[in-house]
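Here the structure comes first, spelled out in structure tokens, and everything after it is commentary.
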Amino acid sequence: MFILEPLLETFQTGSGFWNPVIWVDAIIVALLIVVVLRGFGNKEYKKKTGQTQAFLSGNPEYEKEQMHIKSSNIYWGFTESLKWVFDSLKKLHTGNISDYSLWFIIVMAILFIVLIMGENLVGAI
Amino acid sequence: MNVADLIDLLLQHSPALIVAIPLLGAFITPLISRLNDKVRNVFVILTLGLTASLVFLLASDVFSGNIHTYIFGSQDLALPVVRILFEVDAMSAFMVIISVILSLIAVIYSWSFMKENTGLDKYYTLILLMTAGMLGMELTGDLFNFFVFLEITSISSAALVAFWTNKAKSVEAGFKYIVISTIGALFILFSIALFYGQYNALNMAMIASAIQYTFLDKIALVLLIAALAMKAGVVPMHMWLPDAYGKAPSSITFILVGATQASLYGVFRVCFTIYGGAINLSSISVGWILVIMGIITMLLGVAMAIIQTDFKRLIAFGAVAEIGYMLLGIGTGLVVMLNPEMTATGLAAMKGGIFHIMNDALDVGLLFLVAGAIYYATKETSLNKLGGLARNMKYTTVFFIIGLLAVSGMPPMNGFASKLLIYESTYHLNPILSIFAILSSIMLLAVFVKVFHSAFLGPALPKFENVKEVPKSMLIAMGAIATIIIIFGLFPELIVNNIVEPAANALINYGDYIREVIPSFTGGA
Amino acid sequence: MIFNIPFIAVAALILIGLYAVIFKRNLIKMVIGITLIESGVNLFLITLGYREGSIAPIYTSSPGGIMALPVPQALTLTSIVIGVAVLALMLSLVIHIYRHYGTLDARKIGGPEE
Amino acid sequence: MSGMSKIVKTISGIAFPFITIYGLYVISHGHLTPGGGFQGGAIVASGCAMVLVSYGSIWIMDRVKEKNLSILESLGAVCFILLALLGLGFGTVFFNNFLVGTNSLFGVVPAVGSGLADINTGGVIPLMNFAVGLKVIAGLFGIVLVMAYAIRTKEGKK
């Protein structure tokens, strides 16, 4: 037994709504518009001519295998400008099991201070 | 005896059978694997399939509003508080569904993925033991029993993380995992002893009804939250998680997602049910602790994910970030729980957090399965060496795109629905929280677009010329998860109303859980 | 005061165990530290169940009088059994680690990962 | 690992039966006195480990196969869970003690009062103790055997 109605209900989030079916419809409409626009395009494309080659500011094109950007180079600017953040984060991950246990004790101590000392302080005030 | 009676009987005994069947199957597996490998694989899949059908039978009844209790070993059901008992409310049922789906699909995936390994009888035995442990953790109503199942889960999963013993890093990750789990579990046992010393009870409902929030209770709360959060991979105690996730076989990583979430379930059960009676004393501070933990977890998780170059380690940091969302949603629910003006916000936040548990298991799990498929096909995990695989592995690419969109919360996937709930409800609590949540979601998208670019796009590399699509069983497993993701994404209302909302209400109305065992308890609306 | 000695022993055992886990480099010593924590927790459970002047809780041969609480003893036993399994697993992993790295120094085997 | 001196071999050969008997006693009286399947099993397994150390792992591994031990271990666990499931089948719930009061196998209800009870009491508890004992003997001995094997291959490499 397949009931369609509950599937099509709109998803209420408390202060708004979200209906993926409408969203999918909108995507399909947008794709249709794209296809129509693409139909207006120029059909003078010729294969195996200079049109297919990449233009790298006049520099010669590299081999295909060397064109692939390695994953550590992606977001290079972002990681380079925030180098101090990532370097300090990397330093945290020592891979040493003793440090892992030490973090557990530290978190336990912080929780202890917040939950026990903190409430006593609030009570005193 | 007709069919309806039989189903009633099965329903009544299902909490025990759900744990007993994988446990029995685990010890029959080594006997059966002497016969034939294929027979053993079929047997394991059938065992988990039977468990899954019992889980769905039980869950369908629990979601309609009944809380099931199962008392072990007594003919008359008198004196429930001194016996070991299982108590299943909607939250437990929700978690059990996730765990059993993960295990079932991991076993189907392993059929081809682990084919070339030896010692597979032990592998399947440990998988079934781990499943039994996870299910037990989520079903039990007894704190000591919770500890026992937690240890069963961690021992078997640590052994599975180190299953590829010829790899130094795998063994090392397994050792780290077992050390961390054992220390955490021992502190949990210590807090259980603190409870037992004060209230003479091990039963969660009994402790919850008697709790006074004394000094010792506060210590127990600190120990429980810290230890369970460590097992769930909360920053800054998450460092074992990328090691273990990254070095385990992919099918095991897939179940490990469920094991960490079972620990997360432990955090919620402790905060809401056991300390529910002390809620007016502790809810604000404990709730804020969870919220802040969640924010730190998601920000640090994505920040570390951006700079990773190992495929599975990167996804593991993504999984750390996802855990932050669950903590944020449910912590928000705990903060506003006593504020009558914000009941709707609290419920929405809880729904978002709980729905995200399931979405995280499916999305991150799918990405791990894809990572395993790529490892199976190319024997390569470093993203710097991969490239152009979309040409050879079409189905895997499609599954990766689905997982990518879902995990970064792009509409119309399921991740978006739960994240939308979390954004909106945390905005009501404090706009800065939702800004952090959206920011880390954007960064997650950036992280996985990077993975997509470096592994699947780009020119065809000569060393991957002969790479073929992975075998059928792995495709079936990935396809099943992808299908569930799309269904959940297209019809979130169906899932939220029927499964998530009862679970959220079960956590909020903790009194019902206690009254099922101690009828005289008053309180907990 | 005399009755507090077991609790002091519990605290000492757990702290020594944590010290060994955090500050010792040798993996075997870390495993020993974990078993020390475990003994501390087990001792805590046992101590909770003891009442002054009580006897072993064997129902049929009781001469009368108060008995020690049997439940914590059952819990301890379960915890010991789990401890054996954990210990065996940890030691076998240590054997494997030693085979791969040729050392048991925690700082040498870990190493930050790219 | 090769064997130790003849004195050690002889003494451990004499002690081994006594240790085994004592372990089996602890297993079978688990429902009456302190002890039970795990404790007795650990005693028997430590006796086996003593023989392993004194006679050397090569000698033992010719006679005992780790595979057979793991089958015994599985059998013990399967028996335990099947007994628990029988409680569901005969009685009312999982882990139900369905044998007690039947006056058949271990089914006698002990007399109330002081004094040790008969061994023929306890229902399924002694049977479960046997299953656990089998599992623990096989499991612990298997662990020791595998570890000895691992050490031997390490020595072989050198």
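Quick notes on this one:
To keep things simple, chains are lettered A, B, C and D as they appear, and every chain counts its residues starting from 1.
Definition applied: contacts are C-beta pairs under 8 Å (C-beta built on N, C-alpha and C of every residue); 3 or more make two chains touch, one makes a residue touch a chain.
Given the structure is predicted, the values throughout are model-derived calculations rather than measurements.
Looking at A-B and B-D side by side, the one with more C-beta contacts is A-B.
If each chain is reduced to the centroid of its CA atoms, chain A and chain D end up 55 Å from each other. For the pair chain A and chain B, the distance between mean C-alpha positions equals 22 Å. Averaged C-alpha coordinates give centres for chain B and chain D that are 36 Å from one another.
The geometric centre of chain B is 28 Å away from that of chain C, both derived from CA atoms.
The multi-chain contact residues of chain C, meaning those touching 2 or more other chains, are 21, 30, 96, 110, 113. Chain A has residues 90, 93, 95, 97, 101 in contact with two or more other chains. Across the assembly, chain D contributes no residue that touches 2 or more other chains.
If you draw each protein chain as a dot and join the dots that touch, the picture is not a line, a loop, a star, or fully joined; it has some other shape.
For chain A in complex with chain B, the touching residues are 6-7, 9-16, 18, 20-21, 23-24, 27, 64-65, 67-72, 74-75, 78-79, 85-86, 89-90, 92-93, 95, 97, 99-101, 103-104, 106-108, 111-112, 114-116, 118-119.
Against chain B, in their complex, chain D makes its touches with residues 70-71, 74-75, 77-78, 81-82, 84-85, 87-88, 91-97. The part of chain B that touches chain A in the complex is made up of residues 175-176, 179-180, 183-184, 187, 215, 218-219, 221-223, 225-227, 229-230, 236-237, 239-240, 242-243, 281-282, 285-286, 289, 300, 303-304, 306-307, 309, 344-345, 347-348, 383-384, 386-388, 411-412, 416-417, 420-421, 424-425, 428, 446, 450-451, 453-455, 458-462, 489-494, 496-497. Considering their complex, residues 90-91, 93-98, 101-102, 105 of chain A touch chain C.
Contact residues on chain B toward chain D in their complex (touch as defined above): 13, 16-17, 20, 23-24, 26-31, 34, 70-75.
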